[in-house]
């Protein structure tokens, strides 16, 4: 049984904790938080040991029991998943090293925070036995999962992607824009392309980013110039076989993220989470060597199974990507 | 065991079906739908018998088995809950009468569609043994639950409410507004007040409606001039005791519907549904005989437990409101 | 000719400058800015002398000529209008005192920043000859204009207002919420009521605030319990006679701020500005002594004519409110 | 003097009328409308003769004088610009033919409604002396203006564009989405590419469309693979020279459509209209033969100068594109 500590119990952290909990080979060592808000109540309900990230006083005042400080959590964990806000992870890195505890960081950190930038489908092996890994961002995860099979089957000459990003997560009421489409960043290519190259160093990819007034999912318009000329049907079939890609059938009548998440909520998924890239099946189009498609990425969820796989890779318990991915997916319900 | 048929398997219908399913004394006789979209898939997953509202062909084409037509469903049901779009319920009413099957309508219909306009907390007894009842709209349900205990404990001289309504449900991508606050209706008082009077005929209430670009919840700014002068603490304690009112504690850090629904999703509720009126505890203020507060109403969910109670009332199996409400709440998880 | 300096050339400042420019008895002494963004270009196009609020370097680098520092501007001005962000005005106050230059502050400052809180229609005379005045906020201005004639004609027993506020101005892309209605502030009554009382100290008013994802206008749902019982027609006619209230006729087909501002843009107003409170004529309703109505307030514009009047009051050039208001309105085009 | 009739006085029609009015060689023969809403008031204010599209009764009732029916307008006009909703133009076509009046249609109609699909910069000559022309849609106009100089100077091998479209115009409060990014259409390539090919029949272009919750402007992420290898500076200088392209300098601090339109409103443009494609100068990037950039298109405005040029082309008064464009731009203020 792997004891996994979660440092930072917010959007990503609480999902990773719940995902750890349902794995047959892992258990939640505890979670570290700063303040006793509604998410602390949730940790308490789930029975996760609560560790104080900054000091125990606020929790004492709110009558929430804490099991120790973040140092105690790191000490008690076989692996720590750091899910603090971007930048804080890098500041925490020396802590994990000091305790000699393998650590996983998130995509908000720079690539050099860790030995390996990680995506389970694309480069699991590189993280096996590493001290630290960085699970790449939600957008990079989404692109890596899509590009990996395309590269293997057809070769990728060049990829051009426009990422139309949600302005805020549903609870982030302070963030905009309210009524605007922002080129963000204005510079082209955006940082997303180089981030994908931390997974595929030799990939030729140009990305353009925008920000729009939605809270639900990112949407990518993807163009991939392949090195060979498959048919639309062949590509569709290739992508259908990938467990972390969901091809939305036309008959479901799903026109966007709203109905998509209504569907997963209806299906009874925890938090209505969409762990898979969602590709509109009708949109898949091959014209000569040019593949086009639309995919939606649930920013809060797609990195969650990747974190689980990263834990297995660092701990060296599971040497094969396929085996870890299958285990994660079965336990969580990915691909169902 | 009561066999409950659901005619119209959309936003409200699918929730009512799932709520029926978890009741100890009810079972889903089947659900009627028009088209084989994603919600049909969900019905199928749940194992609900699917009846064709308009003809079986579209389902045959989509390879979805149907158990009959809507007539068959009505015949096989002890009670039918009609959750078709507003206006369609009235058109369906003769059908239920013809089959002599007690029927429950929704708030989109005019009051005269049914013998009784229904709210479990306020007037359960009036529906006991009736042939038909109309569960009042989400907004009226929210106001009735709040006003019932206030009337009983303090008397209500007059109520003035502004209803700031969500423009669309999350999947209704065709509805606006995108960037506007609309007086809607422009006329004052809005129809909401008279609708509340179908529950409390002698209540003095003036309502004003607006529509804004959100999809999550309605928000009410409520003023009630009471007939006596309780303290803020007394009102708070009165409302806390109501099972279908949730007083949001300040410590949770919940500033709006986004964090509120994140909280219920985190808590593992089906679809993250919020069946209760959510009242910001800090907002409760009594100034002389004037009570003020803010409440948020999850339009997709608050009428669901009411429909369950209405089924029990029409069927005459449970004569007491308290007993039905307690059963419904326990089975669903309301108030937890 | 009054020389009016504008310190802070943003949303309010640039409008005040343009309004000063068209007055027969005033001229723009210059405007002070911090950074050479697009608004600096506009100042330059208009021919306003540009003064550096923080240092001239950034302007030198952008090749924009500056006429001096903010001290020079204050020295050269008969009256200064401070339109810096909220809080900065208070910090600037000693500066104006030092130079012995009468100063006008905006509603983002606390009331004690100035001798008088000002609304032209309600208390012009109080500011005549004062050293400093604070033009109350957009919302308070909107309420004062409405309440003044009601108090005079009918007496006001009590007022209850819900203010549904726009989340951000059109260019403020960093502010939310994107998809939420927030009670803001959660506490009741909100600070808006006391702010109205800086204009009418003896007024009984309770206000409740919300924030929604729009950028165009605030919308108020207003209830006023009068001391007498006029008819709806009498109130309509009273309000029609006020130059800074615009009653939207039903025939125009204007359902919200979008069409309203399209109308003023079509009409050729500078920036499409709506200086008047816009009251939906159909919404005006009197039930016994209770008056109800909806009004929309263009946050960027309604305080502009008030600032002009405040300049006249401080300078003592125009002793009568009516005369100043008429002059301002004619020069700007208010009420046309 | 050319007498230009405008049939349909909505978003596009009122702008075309105002643009005709300021041309030295044209005058507004009259405008046809269906209903006496706020736009009819505007027509009246401007002194445009009002013709009844459907019958004079509604105008009589609203006390608005009409000069005749739409037939009278067509008869009295040298050229008619049809700016009715999409689909209505095609239905009107026989009317113009019957009266032998040259007619201009808008982009909401199919290409076969007219002899020529028109963009002033790209194919003015083709419309000279034609009976009918269709000014292509706002998006197609934006792409044509950009691609024309690129084709002439460097050759275009292929173009790939993602069009992130505003969900509604500011006054269209009934249209969504409120909180969603929709692939729209889901099929790839979208119809926008073929529409651009009505201007450049041999162009290789693939387009992908989305719809987002904004009302202000469309935003394009553009990729053009050129046939030669200019530098970024060369492309920037080429585009700077085009009168209907505006390159947003970084120093203005304009991050999206909100600040952009604030800038044009500040600058005093009628309705704050942005007739030019707005290209973020920083975004222009050439990597080998691949050009990338972001441009924003004001959907309500960019086709307006094109309609003016189309009038000149059909009337044969001005044979040269350059001459017409220069005249239009000077009279309107395009490029200033």
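By written order: A, B, C and D. Residues from 1 in each chain.
Keep this in mind: contacts are C-beta pairs under 8 Å (C-beta built on N, C-alpha and C of every residue); 3 or more make two chains touch, one makes a residue touch a chain.
Just so it is clear, the structure is predicted and the values come from calculations on it, not from any experiment.
Peer 1: Look at the interfaces B-C and A-B and say which one is made up of more C-beta pairs in contact.
Peer 2: Between B-C and A-B, the larger count of C-beta pairs in contact belongs to B-C.
Peer 1: Among A-D, B-D or C-D, whose interface repeats A-C's (more than half the contact pairs identical)?
Peer 2: B-D
Peer 1: I'd like the Å distance between the centres of subunit B and subunit C, where a centre is the mean of that chain's Cα atoms.
Peer 2: Subunit B and subunit C have C-alpha centres separated by 42 Å.
Peer 1: Round to the nearest whole Å and give the separation of the Cα centres of subunit B and subunit D.
Peer 2: The computed centroid separation for subunit B versus subunit D comes out at 47 Å.
Peer 1: With chain centres taken as the means of their Cα atoms, state the distance from subunit A to subunit B in Å.
Peer 2: Distance between chain centres: 36 Å.
Peer 1: Any chance you could list the residues of subunit A touching two or more other chains?
Peer 2: Only 170, 172-173, 177-180, 182, 213-215, 255-256, 258 qualify.
Peer 1: In their complex, what parts of subunit B are in touch with subunit A?
Peer 2: Contacts found on subunit B: 14, 35-39, 41-42, 45, 62, 170-173, 178-179, 215, 251-256, 258-259, 261-263, 265-268, 270-272.
Peer 1: Considering the complex alone, what residue numbers of subunit C touch subunit B?
Peer 2: Per the touch definition, subunit C meets subunit B at residues 160, 162, 164, 166, 177, 179-184, 186-189, 206, 208, 210, 212-217, 219, 221, 223, 250, 255-258, 280, 282-283, 285, 287, 290, 292-294, 296.
Peer 1: Report the residues of subunit B in contact with subunit D in the complex, numbered from low to high.
Peer 2: Contacts found on subunit B: 167-168, 170, 172-180, 182, 213-215.
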